[in-house]
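The two complexes that follow have subunit A in common; it is paired with subunit B in the first and with subunit C in the second.
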Partner chain A sequence: MSAAEKLTVAPRALPDGQGAWAQTAREAAAARLSEMGMPVRRDEYWKYTNPTSLTAEAAPEAEVLASDEAPVFGDADALRIVFVDGVFDADASDALTHEGLEIARLSDAAQMDIHWAKDVYGVLETNGQDPVARPLAAANTAFATDGVLIRAFGKVSKPVHMVYLHKSNTSDAILHHVVKVEEGADVTILENGPAAARFNKCLEVDIADNASFHHVRAQGRDHERRAATHVFARLGTESTFKSFTLTVNGVLTRNECVIELTGDDAKAHVAGAAVGDGDFHHDDTVFITHDAVNCESRQVFKKVLRNGAMGVFQGKILVKAGAQKTDGYQISQALLLDGDSQFLAKPELEIYADDVACSHGSTSGAIDEDALFYLRSRGVPESEAQNLLVLAFLAEALDEIENEDLAAEILNRLEAWFSRRSS
Partner chain B sequence: MLEIKNLHVELEEEDKQILKGVDLTVDAGQVHAIMGPNGSGKSTLSYVLSGKDGYEVTDGSATLDGVDILDMDPEERAAAGLFLAFQYPVEIPGVGNMTFLRTAVNSQRKARGEDEMSAGDFLKFIREKAKSLKIDADMLKRPVNVGFSGGEKKRNEILQMAMLEPKMCILDETDSGLDVDAMKLVAEGVNALRSEGRSFLVITHYQRLLDHIKPDVVHIMADGKIIKSGGPELALEVENNGYADLLAEVA
Partner chain C sequence: MSLEEVVDNVKEGVDQDTVDAVREVGGKYKHGWNTEIEMDYAPKGLSEDIVRLISSKNEEPEWMLEWRLEAYNRWLKMTEPEWAMVHYPKIDFQDQYYYASPKSMAEKPKSLDDVDPKLLETYKKLGIPLKEQMILAGVEGAEELTDAPRKVAVDAVFDSVSVGTTFQAELKSKGVIFCSISEAIKEHPELVKKYLGSVVPQSDNFYATLNSAVFSDGSFVYIPPGVRCPMELSTYFRINAENTGQFERTLIIADKESYVSYLEGCTAPMRDTNQLHAAVVELVLLEDAEIKYSTVQNWYPGDEEGKGGIYNFVTKRADCRGDRSKVMWTQVETGSAVTWKYPSCILRGDDSQGEFYSIAIANHYQQADTGTKMIHLGKRTKSRIVSKGISAGKAQNTYRGLVSMHPKAKDSRNYTQCDSLLIGDKCGAHTVPYIEVKNNSSRVEHEATTSKVDDDQVFYCRQRGMDEEEAVALIVNGFAKEVLQALPMEFAMEAQQLVAISLEGSVG
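Right after this comes the complex of A and B.
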């Protein structure tokens, strides 16, 4: 279905039932989308990333790579929810029950009156459409074929792990998840896998007072895959949001993260490490709004690029009037391993309060030759020395992963990726 | 041990000759010192021997135990037993000192076809060496040289030397930026490593270091050449009279 057609076709009606809320939300999203239109290259927000292949009628083909690599988070004791090319795989998934969790599939939601979900589904996405339009997210809300609705209570003893398998060269998947972290709850969501030839994914997270949400994902593997993902988060008083994304490979990835700090003393950290070799375009677009007192936000994005790989960072901190004592930090850095690779960064601060501390920095540079020589002079072979320096460069982003086992898992992935490339 | 013959070196980018025929032989177990005015080529010699980019050898040779080292990569030279204690040790944010040392020790062992050292053995080994150099656990955990004082950086160089057990150690102005106590500590670290099978080439501006690390031979380098060699008394002569007399003598 082309973008234009999508605008004229009503969202796929979910079966009648008590879940009319979902249908209402989807129709409203379709209306939003038709008003804003699909993104085009001349949009300011898409200046550095060409959206054409994300909005084209059919998903460009993406070869499924044969891999003997163990899946990321494969050993994690987690509740697994598996999607194959965007289609839920009940056999491969665990039962959707665990203490402290209510989980329902979006496609089943039509039979249910999930009152909490209707306050989140499409709602955070709608909030995130202002001041910058995010049409692919509206399209996601309107046309998502599945996803999960998760409600967490208390400290949930194991993470929910979304596994996105990619088996068809032409798959075009749209998934939409909603997570409601109730007051005082603490939950971790893991995501990994190439997902589909083209993947549009939306995750809305509503974090109540004193609640914590942790998110670690690993995107990657298949070189030709494309993805446009959105995370929308709303944070209550003294709540915590922490998200880390590792991206390896992928011809086009656009990860948007839109966060509203609406309760005092809340904390949002969003971090990413991306490593690209060759035909790789990776775009982190972040928008954090401080709308409460004494909140902290951190954006830490690191990219390692070579053989013509391309990195983009668009990061904004908006401090609204009255959001005093805001502590905002933003760093985006690229390590360019050759002269063909490129990094484009657009850091933005917009501040309407007078008692805030916001800092931002952006750099791109080559590997430190003096450090490389120092390591080699101690007997460390060049490729290994380079890997050490690259991992050191990425460390600040990886430090944002609180759970040590998950951090180790991500580090192992990176080491494996580099050793494959240097062998 | 180390044999340098007629070594001519140019800067790659500037077409400028720095070393103009250096001849130097350091026998096993000996300590040689090189002194000389600024710009005489002392540091260049240490960089060329350890394999730093940016220098072109236009003539001459350098061998370690008879093996030509000038065609080797820096890591191969290190595995062959060459070690340079840097004048300005490099800070490497994000790489822990301990990780760095373990990687270095095991890389060299691997290159020589030896078994890697187990984590336990390594820990025991490094603790023992660190203690004698007054390097605490915190310094081992911190990123390589980041936030280290001048003295700590130089002690860290000597710690690396002690861990890697090279046969040919080049110390490039290891005394620069050190107070008297720190210099003594560093010198003790070096002296503890002196042995029959290990040689040292100590580059320095001042005789003071040589009070602590007693050299067998002292060379004076000027304008890219060794212009005079002698015993420890040569260093004293420089200390008292400067280089002017020696330079005039040669000219």
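Right after this comes the complex of A and C.
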């Protein structure tokens, strides 16, 4: 793209009072951003999702909605960290201490001259900028106002739960979290909440050898709320990364997940279930790079769409030369419940090693009339039968959640959502 | 029985064609020779004057010249596409000849003796039967001699011009028009005016626009309503002259309830410099018409070091305008240094069908970026894509495709299968499908796999006395079987051999 075609980035001040490490990381990110420019619709990577409202100077307004639904993971025994419109709320949060965890608030740590996070903050994001530019992530590294830096040692007994509350119609939140899972450690991160009118979130996860990282998030952002999120993960030898995302509605949600398998025998699973009813758009964009021997990756994405909802999936498996014995699997499926909804997919493979088994599948269609008839002929009312079939369709993605309680919670949410909509 | 006999017997039991193919050719590009023949060249480079010259050489009417000039002026404002996964040095479009024709064709020869023996030799080497060679060489009265049991009418294009079309009289009796496009422009201007550029518009893309300006010849087919073309039609393209680009244009119109099977083959001599080939093929199908279009693309791929070879930038598109029309593209892509080719189907008529079967083989330093587009616009339209990509040596092979279900294309169906096979750890295989579904009554299924030649299968074949290359050729033929079976018979044999030849030197 020529310089003239780029959307120029308005000069914006970096956060004040940064320590040396944070200042360096932020300045480098700002330079990267002005080099690449903000995304525009013409960009191949934004072919199916219009980034205009994500890059606009001010966040489009989004009404705060009263919800009588209990928050997702509300009952989980977890260390709660609460953000209101993108600002850490110490009173609502638990104490940031737990055995095996070292947690610091980004805005505090950034003022120090040296911090362990300097080896991760903006580093994984930078790695993820090649071969495809992700300007919103660079903007996040440069301008993030809050976030947490978590270091995990050993098997951590309870998950860290990030709760994002939305209380202002015009909030424009930028959060950046870093998680460093040290050798042999095992940690789970939960996330939920609508966050803000516009939300730009970046999560960088560095997983050392033999370590495990589990991630389950629920994004329920009805109506005018918009979000662009990035997960950047780097996996060491024999490490595990598992991430599941439930997305419900939201006028615009773009979730990017960028994974590098750098150690042999590592495993990365990314899954997503998205349900949209109305004028909503969600986009799952995944890029997995195999750069080591005998690694496994799985991408499982399911979308149920109706009343004009739009689902996008862009997934890529890149197997570098020498990444032999790679096992790569990718599936993206959409169930279109009526004629107005759309599914746009670009499932890509780019392979430079010969001893690999990589496959992808993508399907789209309506609900199976025969299955529906079968259930109805056995006395199941139509709406219930449809919900059953829809949940069965989503099951493969939900199966990727390892913790049974968390999987059950997500399933309950989905059941409730569908029965509310069909009643 | 001696060991050797046993081995031979087993081999016969396995697949004689594959074994023979590998034995015969000795691993070199079969059509790499060059005919020393006196040629008529237009001056090097591209300008408005060259466009005018090509038009006047073909004795074209004014409207055609204007059409070309319009395209030329558009082309000047366009830039080369860069999105494909192919890399090659920038092409100097002024360092090419845009027109070359054998001098001997200026006057029609009366008998075989008058024919430039070199031209005749060329066709003989290409494996075109003698009687057909006479016709191609333009010998008067040669057509009456021909009574082969299985007839194939051939239009041969040598560099820039069509040197002859066989069986024209017999086809004429059925109302079928099969001639060079330059002839059609003169003889059937109403058809050409109506359909030329109606499927691939002048401004379609960089190479199609270039072609619109400078195409020198190509084939034209018109099948009248209700006619099933009595024989297969075939075009043979041969690039011979050095530094010459070939820009042929093919237009096939299948009127209501008609059927035609069309074959296309191409070769070029081995040269150290790259040569440009930018063709446009347009297919128009009216109600209930069916076209089967098969290509064996065997342009010179360059040598083992990646030197030389053809740049093949082709735009092929079928427009299923009529209800219940059906088009089938089958391609075997083994040649060219760089291939950029996406035969497409616009399924406009209700219940129309598009099929795409492809084998793309890239060896040494070849790069292929090929696939198809299925645009579903009509109701109950169906499409099927079967693509088999094989990479060996240091080659890169990409499948790039689009399946689009328009909101109005109710109850449509697509099935796509893309398989890639890697031979060696220096090559690459890539899949870039775009899937756009805009209605819920349509079903779209896409599957893709990438794997390598199975060691167990190679071991099995080797145990039975085949050497490694033979074994790989056999396995690859098996891998590509679904596509090979979709080819017309005479092409299927050739294609099977080509698969083996193209993979020469890829093992060990």
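In this text, the second predicted complex is superposed on the first by the 398 of 423 C-alpha atoms of A that agree within 3 Å, B and C clash if a C-alpha of one lies under 4 Å from a C-alpha of the other, contacts with A are read in each partner's own complex, and residues count from 1 in each chain.
What we mean here is this: contacts are C-beta pairs under 8 Å (C-beta built on N, C-alpha and C of every residue); 3 or more make two chains touch, one makes a residue touch a chain.
Predicted model, so just to flag it, every value in this text is computed and none were measured.
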| Touch count on subunit A, higher of subunit B and subunit C | C
| query | So, A:Ala321: does it touch subunit B (first), subunit C (second), both, or neither? | reply | second
| query | So, does A:Asp338 touch the first partner subunit B, the second partner subunit C, both, or neither? | reply | second
| message | Just to be sure I read the superposition right, which of the two partners does A:Thr363 touch: subunit B = first, subunit C = second, or both, or neither? | response | second
| task | Would you check which partner chain A:Leu388 touches, where first means subunit B only, second means subunit C only, and both and neither mean what they say? | result | first
| Contacts of A:Phe373 with subunit B and subunit C, given as first, second, both or neither | first
| request: Give one of first, second, both or neither to describe whether A:Glu44 is in contact with subunit B, with subunit C, with both, or with none. | output: second
| query | Contact residues on subunit A for subunit C in the complex? | reply | 44, 321-322, 324, 334, 336-339, 341-366
| remark: Residue set of subunit B touching subunit A in the complex reads 50-53, 73-75, 77-79, 83-84, 86, 89-95, 99-100, 103-105, 107-108, 111, 143-144, 160, 164
| query | Which residues of subunit A touch subunit B in the complex? | reply | 368-371, 373-382, 384-385, 388-389, 391-393, 395-396
| query | Which residues of subunit C touch subunit A in the complex? | reply | 83, 405, 407, 410, 420, 422-452
